[in-house]
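Take a look at the structures listed below.
Note that chain A is present in both complexes that follow, paired respectively with chain B and with chain C.
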Partner chain A sequence: MASTTAHSAGAADRAGNARLGGTLYRGDPGMWSWVAHRITGVLVFFFLFVHVLDTALVRVSPNAYDVVIETYKHPVMVLFELGLVGAVLYHALNGIRVMLVDFWSKGTKYQKPMLWTILAIWLVVMIPGSYYLLVKGFADLFGGS
Partner chain B sequence: MSAPTTEKPGTDDSRNDPAAPPPAPEGSVVVTVKIRRYNPEGDADEPYWESFDVPALPTDRVLNLLHHVKWYLDGTLAFRRSCAHGICGSDAMRINGINRLACKVLIKDLLAGGGKHTTISIEPIKGLPVEKDLIVDMEPFFEAYRAVKPYLVTTGNEPTRERLQSSADRARFDDTTKCILCAACTTSCPVFWTEGSYFGPAAIVNAHRFIFDSRDEGAEERLDILNDNEGVWRCRTTFNCTDACPRGIQVTQAIQEVKRALLFRRV
Partner chain C sequence: MSVTDAPFSVDKPRSPQRPAARRSNFELYSWLFMRLSGLLLVFLVLGHLLIMLFLDDGVQRINFAFVAGRWASPFWQFWDLTMLWLAGLHGGNGLRTVINDYARKDQTRFWLKMLLYVSMIVIIAVGTFVLFTFDPNIGN
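Right, the complex of A and B next:
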């Protein structure tokens, strides 16, 4: 019977490269992708919650709505915008990865390459995206208008 | 799989008196073994870390270091081991933060580079109640295992000869026959840590072994058991189980196959 084992000769054991620390479980990259998926999911949920509330305000009083939306134009909000884009993008990309793991017969085999791929896409989008957003934020904050 | 045996220090004090250590073998380096200890009858209520300096050869396994500690430094150290060759599944523990069998991890893979001093941390597996030092209560784990009916279920008269099966049918569940019930996968699962009622990867692996066996007729029954809140749907595909399995079983893949069987094959 082909009972080859995972940690066979050749490849060094992953238990080797440990940093000292508490009792944290040093899980598979898949675990950390799941942790990040949870965190970004909660962040997006809170955004949607606030977004529903502020939009609903227009029914209460259009003036109050205008006042609230005006506060969002503060340059510091660029950081929140950036965080939101990052969270939604990661959650969406990893969501596709999780769906492929669930429904594609080779999904579990390629879970790590898929994770590296979505992280690469995330960086490719976020680096120029944050550059333009931050430049705009700084210009609004310090440039005067 | 054999029933794990327990190395418990006797009540007789003389048995706990460590012998004089043998001379350190040539080529050995001294490493620090940091062990998460707990004694329910001791003064400390909480688990605590204790470090031992042990001479180790690169070809030693972590289990050899534990033996050195128990035999020559502190006879009260309690841990399970039986065959010491990666078959019985007794000595699963958390080594440097991940679940491994102590008898399969080589010291050469744990040595710090650049001649720096090496510290190896060893903790009991997570999510099961600790009884003493590295020994946990495995009963919740075996309870989940028994719940999936991990034995051949058939109806009708027994054949007078073997139950024949094609190579292709045998290959269908080959991977999940390798399980040694060491609990490394189940106790690496974040869902199992927080939801102790989750069946856990090992039980699902052993259900998979019979669900996809062409000779077995209990698949529907097992799928029903696993089609539960605490069954396969609790799996969040974190892949910790696949990484932890000392037998190289593609655990997450097996769980996904059971999920897909529930989704598509059954009406």
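Right, the complex of A and C next:
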């Protein structure tokens, strides 16, 4: 009987934990926001490593720096820039949300509306940002200048 | 049978198997550092991305002369130095947490963290060295 109870509790977890009234973390949007925070954080750290080393070339010679920076200027790199901006922006907005959850007395109560809010802000910034960068990339790729 | 029969079992709070009380507040300070540095980095990094990728002609205008022009100003030198240190420590501490969570063997965890610490020292030291010894006339 006990095992049946445990089993049905597990089923309820997967079915959106209705029985527990939303007190369960697993599978909740809050968990996915944390997963995305980790993934974007790790990716940005790897880019930081590369970026400090490429910038350090200014200490070698102007030519070495200009040659390497040229790779960032290829039109296809706008996709990379877009990914970087998207990752950093999500990490920044979700980081603010984490701080509000930790330090604002009503933070835990509003964690979910705050998640939808930061995702809305992310879209509001990323849509014109993507448009700008993609148009520029296409112009560079086919316009020739 | 009531729901309370679910097989939960938790150690008694003061049972002797539990590790001794912590002697270091390092994790508390690291938690606080992530929030304080994160707040500053929101402005430093988003400002950096806006200037470098979106204003004027974005990345197309960046070359040695552009960097030399920016680092002629103590304001941008200080901006970049602060951003370098905070991003290196914030990102490194974040990766330390990720390694602690997912490494399964103590040896793997140890070597991944050594690799991380070496990369952090390299990034922060090289970046700081370049910022302090930058010479706009290096090509002449």
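Throughout what follows, the second predicted complex is superposed on the first by the 120 of 145 C-alpha atoms of A that agree within 3 Å, B and C clash if a C-alpha of one lies under 4 Å from a C-alpha of the other, contacts with A are read in each partner's own complex, and residues count from 1 in each chain.
Basically, contacts are C-beta pairs under 8 Å (C-beta built on N, C-alpha and C of every residue); 3 or more make two chains touch, one makes a residue touch a chain.
Keep in mind that what you see is a predicted model, and the values were worked out from it rather than measured.
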Output check: A:W34 vs chain B and chain C. Expected answer is one of first, second, both, neither. What do you get? first
Touching partner for A:Y25 - first (chain B), second (chain C), both, neither: first
Figure out whether A:G107 sits in contact with chain B (first) or chain C (second), or with both, or with neither. first
Partner with the higher number of touched chain A residues, chain C or chain B: C
Which partner does A:Y132 reach: the first (chain B), the second (chain C), both, or neither? second
For chain A, what residues appear in both contact lists, the one with chain B and the one with chain C? 1-2, 5-6, 98, 102-103
Interface residues, chain A side, partner chain B - complex: 1-8, 12-16, 18, 20-21, 23-31, 33-34, 98, 101-103, 107-109, 111
Sites on chain A touched by chain C in the complex: 1-2, 5-6, 9, 38, 41-42, 44-45, 48-49, 52-53, 55-56, 58-59, 61-63, 65-66, 69, 72-73, 77, 81, 84-85, 88-89, 92, 95-96, 98-99, 102-103, 129, 132-133, 136, 140
Where on chain C is chain A touching in the complex? 1, 3, 5-7, 35, 38-39, 41-42, 45-46, 49, 53-54, 58-60, 62-65, 67-68, 84, 87-88, 91-92, 94-95, 98, 119, 123, 126-127, 129-130, 133-135, 138-139
Can you list the chain B residues touching chain A in their complex? 36, 86, 94-98, 100, 104-106, 109-111, 119, 121, 123, 126, 174, 177-178, 188, 190, 236-240, 242-243, 245-248, 250, 252-253, 256, 259-260
